[in-house]
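Contents: one structure, followed by commentary.
The letters A, B, C, D, E, F and G name the chains in turn, as written, and every chain counts its residues from 1.
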Amino acid sequence: MEERLQSLKDYLFTEETWIQLGLTFFKVILILLLTAIAVKFGKHIIEKVFAVRQRSPLGYSERRQNTLLKLLQNVLTYVIYFSAIIAILTTFGIKVAGLLAGAGIVGLAVGFGAQSLVKDVITGFFIVFEDQFAVGDQVQIGTANGIVQEIGLRTTKVKSYTGELHIIPNGSILVVINYSIYNSLALIDISIAPENDIPSMEKNIEEFLEGLPNRYEELVKTPSYLGVQSFDASEIVVRFTAETLPTKQNSIARKIRRDLIEFFELKGIKIS
Amino acid sequence: MEERLQSLKDYLFTEETWIQLGLTFFKVILILLLTAIAVKFGKHIIEKVFAVRQRSPLGYSERRQNTLLKLLQNVLTYVIYFSAIIAILTTFGIKVAGLLAGAGIVGLAVGFGAQSLVKDVITGFFIVFEDQFAVGDQVQIGTANGIVQEIGLRTTKVKSYTGELHIIPNGSILVVINYSIYNSLALIDISIAPENDIPSMEKNIEEFLEGLPNRYEELVKTPSYLGVQSFDASEIVVRFTAETLPTKQNSIARKIRRDLIEFFELKGIKIS
Amino acid sequence: MEERLQSLKDYLFTEETWIQLGLTFFKVILILLLTAIAVKFGKHIIEKVFAVRQRSPLGYSERRQNTLLKLLQNVLTYVIYFSAIIAILTTFGIKVAGLLAGAGIVGLAVGFGAQSLVKDVITGFFIVFEDQFAVGDQVQIGTANGIVQEIGLRTTKVKSYTGELHIIPNGSILVVINYSIYNSLALIDISIAPENDIPSMEKNIEEFLEGLPNRYEELVKTPSYLGVQSFDASEIVVRFTAETLPTKQNSIARKIRRDLIEFFELKGIKIS
Amino acid sequence: MEERLQSLKDYLFTEETWIQLGLTFFKVILILLLTAIAVKFGKHIIEKVFAVRQRSPLGYSERRQNTLLKLLQNVLTYVIYFSAIIAILTTFGIKVAGLLAGAGIVGLAVGFGAQSLVKDVITGFFIVFEDQFAVGDQVQIGTANGIVQEIGLRTTKVKSYTGELHIIPNGSILVVINYSIYNSLALIDISIAPENDIPSMEKNIEEFLEGLPNRYEELVKTPSYLGVQSFDASEIVVRFTAETLPTKQNSIARKIRRDLIEFFELKGIKIS
Amino acid sequence: MEERLQSLKDYLFTEETWIQLGLTFFKVILILLLTAIAVKFGKHIIEKVFAVRQRSPLGYSERRQNTLLKLLQNVLTYVIYFSAIIAILTTFGIKVAGLLAGAGIVGLAVGFGAQSLVKDVITGFFIVFEDQFAVGDQVQIGTANGIVQEIGLRTTKVKSYTGELHIIPNGSILVVINYSIYNSLALIDISIAPENDIPSMEKNIEEFLEGLPNRYEELVKTPSYLGVQSFDASEIVVRFTAETLPTKQNSIARKIRRDLIEFFELKGIKIS
Amino acid sequence: MEERLQSLKDYLFTEETWIQLGLTFFKVILILLLTAIAVKFGKHIIEKVFAVRQRSPLGYSERRQNTLLKLLQNVLTYVIYFSAIIAILTTFGIKVAGLLAGAGIVGLAVGFGAQSLVKDVITGFFIVFEDQFAVGDQVQIGTANGIVQEIGLRTTKVKSYTGELHIIPNGSILVVINYSIYNSLALIDISIAPENDIPSMEKNIEEFLEGLPNRYEELVKTPSYLGVQSFDASEIVVRFTAETLPTKQNSIARKIRRDLIEFFELKGIKIS
Amino acid sequence: MEERLQSLKDYLFTEETWIQLGLTFFKVILILLLTAIAVKFGKHIIEKVFAVRQRSPLGYSERRQNTLLKLLQNVLTYVIYFSAIIAILTTFGIKVAGLLAGAGIVGLAVGFGAQSLVKDVITGFFIVFEDQFAVGDQVQIGTANGIVQEIGLRTTKVKSYTGELHIIPNGSILVVINYSIYNSLALIDISIAPENDIPSMEKNIEEFLEGLPNRYEELVKTPSYLGVQSFDASEIVVRFTAETLPTKQNSIARKIRRDLIEFFELKGIKIS
């Protein structure tokens, strides 16, 4: 016991120890500074390169470039930070490579525990590689619905209509619904009183629908009347659809409904 | 410490270093250019070959060929891009083969993390191989319902009726419901007031149904009256079915319901 | 750099290279042709063999033979196509056996990724081996309910009543409900007004039920009256059951309900 | 290329090849015949042995013997058929033992894919070994409710009341509910109008319950009145329970409810 | 071919073969007899030992001893039966130990398939060891609610109030709810008409509650009035709680509700 | 056969055998006695040590000490009992260490089967180590809500308000909700008739809320009026919140509601 | 037997044994003291360092620093405590490193059991590294919604609005919803009686909305009227949205609704 205390004492109060400590501290500070500079400088270069490419005739679509710009900055940050962490650990005398190659219980636990991290990176890579969605698209991933803000190496960020930011690990992204690729279709169901005359009501609705594209430019073509969705003694539900520019279906539907109330009042069609 | 800084300095400010950097940069640009050309050229050739086959007497159905055309282009893109990535990594001096064969913690994590990628490819291969569905079919996969746009090596794209594009990893496709193979059946339930005379009502309905196939060519045969689905003191629900061409059941049902309202009014049958 | 370009040039513009490419192309075409012929010929032979067996005194039931016919054709297609794929890969100089035996990260990923494929085949084998269901049976598997169209090595195809084709990987088949083995039982609940006299109502219903088997041959025996399922101040719910031929319960129930409305009107029993 | 075609030709058109093919074909037919005979003969012997045991004084209960009879026949079928498959594969020159011992990617995939098969057999073994349920018992397993028809090595078959046959892999059997071991208890809730006098109503109900065991022999003892389950301004819900023979609770409850309606009318108790 | 048939013939028709068969048969019978005797004898001894211990001053609670008695008999049965099975397999010349130590595909499949069996035994051991519940306790495990009948090495048996026996593999027991350890609490909500005067109503209820413990001995102490749970224009819901002996809360609540109806009528408090 | 029986006989009827049996029996009894004494003595010492520490100036909070006291007793019991089990097994000549190190099928199955046991212990350790909750806290774990009774090495015991004891394996504890750390907030929604004048109603409510903290000491500060939660033609729902001591929110909310009814009657505010 | 007891006696009653025991006890006490001091001192230093950095021009945002401060203290505590545990185990002569490297059954079980621990730490690291959320943010993780109190190495603590503390293992954090990054949007639906004149109502609402930003400074800009969400014979539902500062949407919505009631009364718009 006493010998150990003595050796501890010898270790603590030698000049050598303190010089080494100071050097290590200095090295760590240096690594941190270099890391901060490298990240800033790297991000700047990536932005410059993309600014050049945007003018090039060969380049990708603008939509794709925003995605790649953010992703490359994200990847760069990871690479630099991890290099810094390994550098610092090496400064403290810890051999990272040896740790990672070691098997046994620890290896088993780490290997299994890290599998979802690896899955995140692989899935993230394919999302960008296959251009499933890009920064600025409106998507639904699981329960998160909104505009994509960033596609990173490990997570994707989606900002919903009401302002929440959803941060989704890429590995837990299964089915992606992308609203920004094709035109959208607004489905409008109206319940009409059974005392209305059906043929004349249908003629009126057709006339109403034909007038819509002039009023709203988000309408891609004249909405089409589909028929009777259901009926009973107290109401007849009719449906029509309106093709709009991507993601505009809700705003257009609200406007059409408002116009319809006035139109029905004008024509004397009773709703139920 | 100082020696290291010195060696870093030596490394940074030699001509050799900069020449090597320039060469590497030049190689990467060359690989990227060749990749872009190869992808464009390869896709063009595949289209040509399919154009020839379409005229050949031995060939597959047109439905199948669209699927294969898109798939082969997809596979080609993967093969070329991955070759490019490996080529670039080799340029930077990273040995990919060695990495993949290495075991230890990293191998365990990557092996487990990549299993869903492998599952995607295997399942995708079987979807095409077994002709489960083709580009243009209407299918339901999980909660996604719509027209298949593309069957890729890793994902399948389905465009829903309202315009959303569903991007589904093949590995998460379990049960597939294909609507485009067989004729569809429209189920129509009508609730009738109990004061109607049942036998005469049934005769009227049968007569109505016999007149339908002349009006709608999507109807494959005369719809058939099935009987009383349920009844209580306030309503009798009767059901009939109409066999239509694939995926036309909803549009036909809407039209039949509309005709039925007029027919019931004409015959004095009361709905409830 | 230059040397590599030179060696690439040497490789591309030698006659040897082009002859080899031509030969490989010719071999691939030959393999594809032989594959197409082998599949057609093989399927034909299997059909012939089954046509012979159907007349043999020793053979399986006809229901089982349809299943086996489709399964064997399915297995044959797999075996021939996979042989063709391996042959083509060998033509390109890729050693498949070596690939499959290789361990490391790739092996781990493929082994795990392919486990659901193996599970599909094993489960498919047992479905046929244990005669769980046969082509033509009405079954429910998960949410898919319909007539079995084909039992393949990897997937089972079920066509629902409304015309959708459900393609189900065998490995995801857990509980199977088979409707075609035993007689079905129609459960009919009727809610009667409380002012009816119970004993006389019961006598009337018993009389009605005894007359049914003469009218409908799908009825296996006289339906039986069970008693009062529930009651409150506004209604008494009575239940009776009718045993029918397999899968006929819904169609018979609809007809019985229709007859019952007329019968109750005749006897003055009030429904509620 | 030509040499290969030549060697193929040599192989195809030698007498030796055809003799060997004929012999193989003959052997396969022989194995199939022997298999069919062995299965029939084996099943017969098992039935005979059980017929003897049933008379023996030492034997298991009859309920258990039915289970064992069907299980042993099932096991025998598996053993014989698998022996036949291995024999046929050996005839074609495939070494099964070597295949099963082989590791690598294929081994990993098969090992994982087959684990649910192994789990089925282990669980099936314990179901019989622990006598969890026997052929003829009414059980609920997951969503399947009905009479057990067969307990096999891999699956259990349960026939529901309405005639569907549920085929359940043993490995997916977790909690088993067995209705045939203990007496059942019918729970009957009646909602009574609040204007009834409670003490006299309770006396009447007690009197009614005492008369029941004479009428229905499935009643094990006099049903017992429990008290007020809930109440508000419009109804008082009282509950009583009736212990019946196993699985008879629903049929008895229906009969008691019917008697109760008449009894309440007689005594002037108002239901609500 | 012929040689094989010859050797088969030689093997079948030698005296040696038949003697060996007879001996094997005799051994199996002997093992089965010894097994039956050992099980009966062993169970008897365990019961005797527990009968002695029950009188000892040092022993466990009676509740615990019932559990241990049934468990030890269960364990004994397993040990003897498995010894018998291994003995019989050895008689047929199958080396079980070698089988279990064998690796390869079969080992992998069995190892994974058997893991839920091992988990059952481990969990079962801890249920008894930690005295989570004992034979006779009322528990809820998953959806099964009732009295514990037996805690075995692999399964636990719970008999529900309505008579079903739930057989639950120990490994699928996660959260256990034990009702028999602590006193239970009956929660009683009553909805009162808003025209009642609140302070006087509260005084009446307090008075009513104080009289209850004299009437029902299952009541541990005077129930306590908690206050207004919710209110709107048509009703005021008040709550009070009654602490009872374990598992008596429902039966006491029914009786208190019945008393309350009479009490409210007496005092003129209107319910709603 | 006979030789074996002979050797069995030799083994059974020697004096040596019986002496050894007696010694083994004696050792087992001794181990059991020592175990019982060690458990009692150990638990006593732990209680004494904690009694000392409670008076020490350096010690943990009392809340934490209760947890540690129960945990240490629990750990001690496990350590002593397991030592006893290994001692007994060694007495019977079974080498436990060898068993645990053995690989093969059995090792695989046990390793997988025991993983949830290991997970229980690890999670349990961190619950105590991180002071997630202590004995006496009110928590919600999954569906179990109540007061923590004991945190053991493998399970946590929570007693719900109505008296049930929930026994939860630590490994299945994911999100823990602890109610005892921070003050609670009672949310009270009241629906008011639209004919009330809003500004005067708001003034009245504010006045009412200011008077509350004097009446109830569990109220931490004056409740605050939040505004109109929703409204339509028949009611206006207003909300206010009251911060209370931990877990007192329900009891205070009941009392406030009761006061509010009287207050509204007094001020003539109509509820709806 | 006797020899063993003797050696036990020799071992227990030697002076050597007791000296060793005393030394071990002394060492454990010393380790515990040093641990307590190290934790206090370490936490203090971390706080000092952050106090310095807060004034530095280069530093992170204040929000990030709070997170890092708490995390570093958490990490420090773990490192010191685990060092202490290993030191104590070494004092008792247990070699931890050897234990962790050991394979066999125990290794398998521990490796699998510990994987969720490893996953917690990895996910926790990335939450901080990627700045997904910081201490003080309002987030939703699974069902827990509230203010982040602490992000630890293994768990994250979130305090909900009503005062519960949710303790969430980092590994079970999948999708994170962060409310504190972007402005929030209040959605307000009002149902209006159909007899109102739509254009004049719309003009009134627009006027009302324009006056709001002056009254409430949490409103970022003038709320916008969106149109008719749905309508039928009894009500027209109109919607408008109000962008507010992060997390203020509910409080603002309550105030706007209150103003609207007064405004509608003033203008004579009828709600429904």
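By our rule, contacts are C-beta pairs under 8 Å (C-beta built on N, C-alpha and C of every residue); 3 or more make two chains touch, one makes a residue touch a chain.
None of the values given here were measured: they were computed from a predicted structure.
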When subunit C is superposed on subunit G by its C-alpha atoms, the rotation angle in degrees, nearest 5: 155
Chain centre separation in whole Å, for subunit C relative to subunit A (CA means): 39
Interchain centroid distance [CA atoms averaged], subunit C/subunit F, Å: 49
Subunit B and subunit C, separation of their C-alpha mean positions in angstrom: 22
Set of subunit G residues in contact with two or more other chains: 107-108, 110, 112, 114, 116-117
Sequence of touching chains round the ring, subunit C onward through subunit D: C, D, E, F, G, A, B
Subunit G partner contacts - residues on subunit A that touch it in the complex: 1, 36, 81, 104-110, 112-114, 116-117, 142-144, 152, 154-155, 159, 161-169, 172, 191, 193, 251, 254-255, 257-258, 261-262, 270-272
Interface residues, subunit D side, partner subunit E - complex: 23, 27, 58, 100-103, 107-108, 110-112, 114-119, 121-123, 126, 129-130, 132-133, 140, 171, 174-179, 181-187, 194, 198-199, 226-233, 236, 239, 243, 246, 249
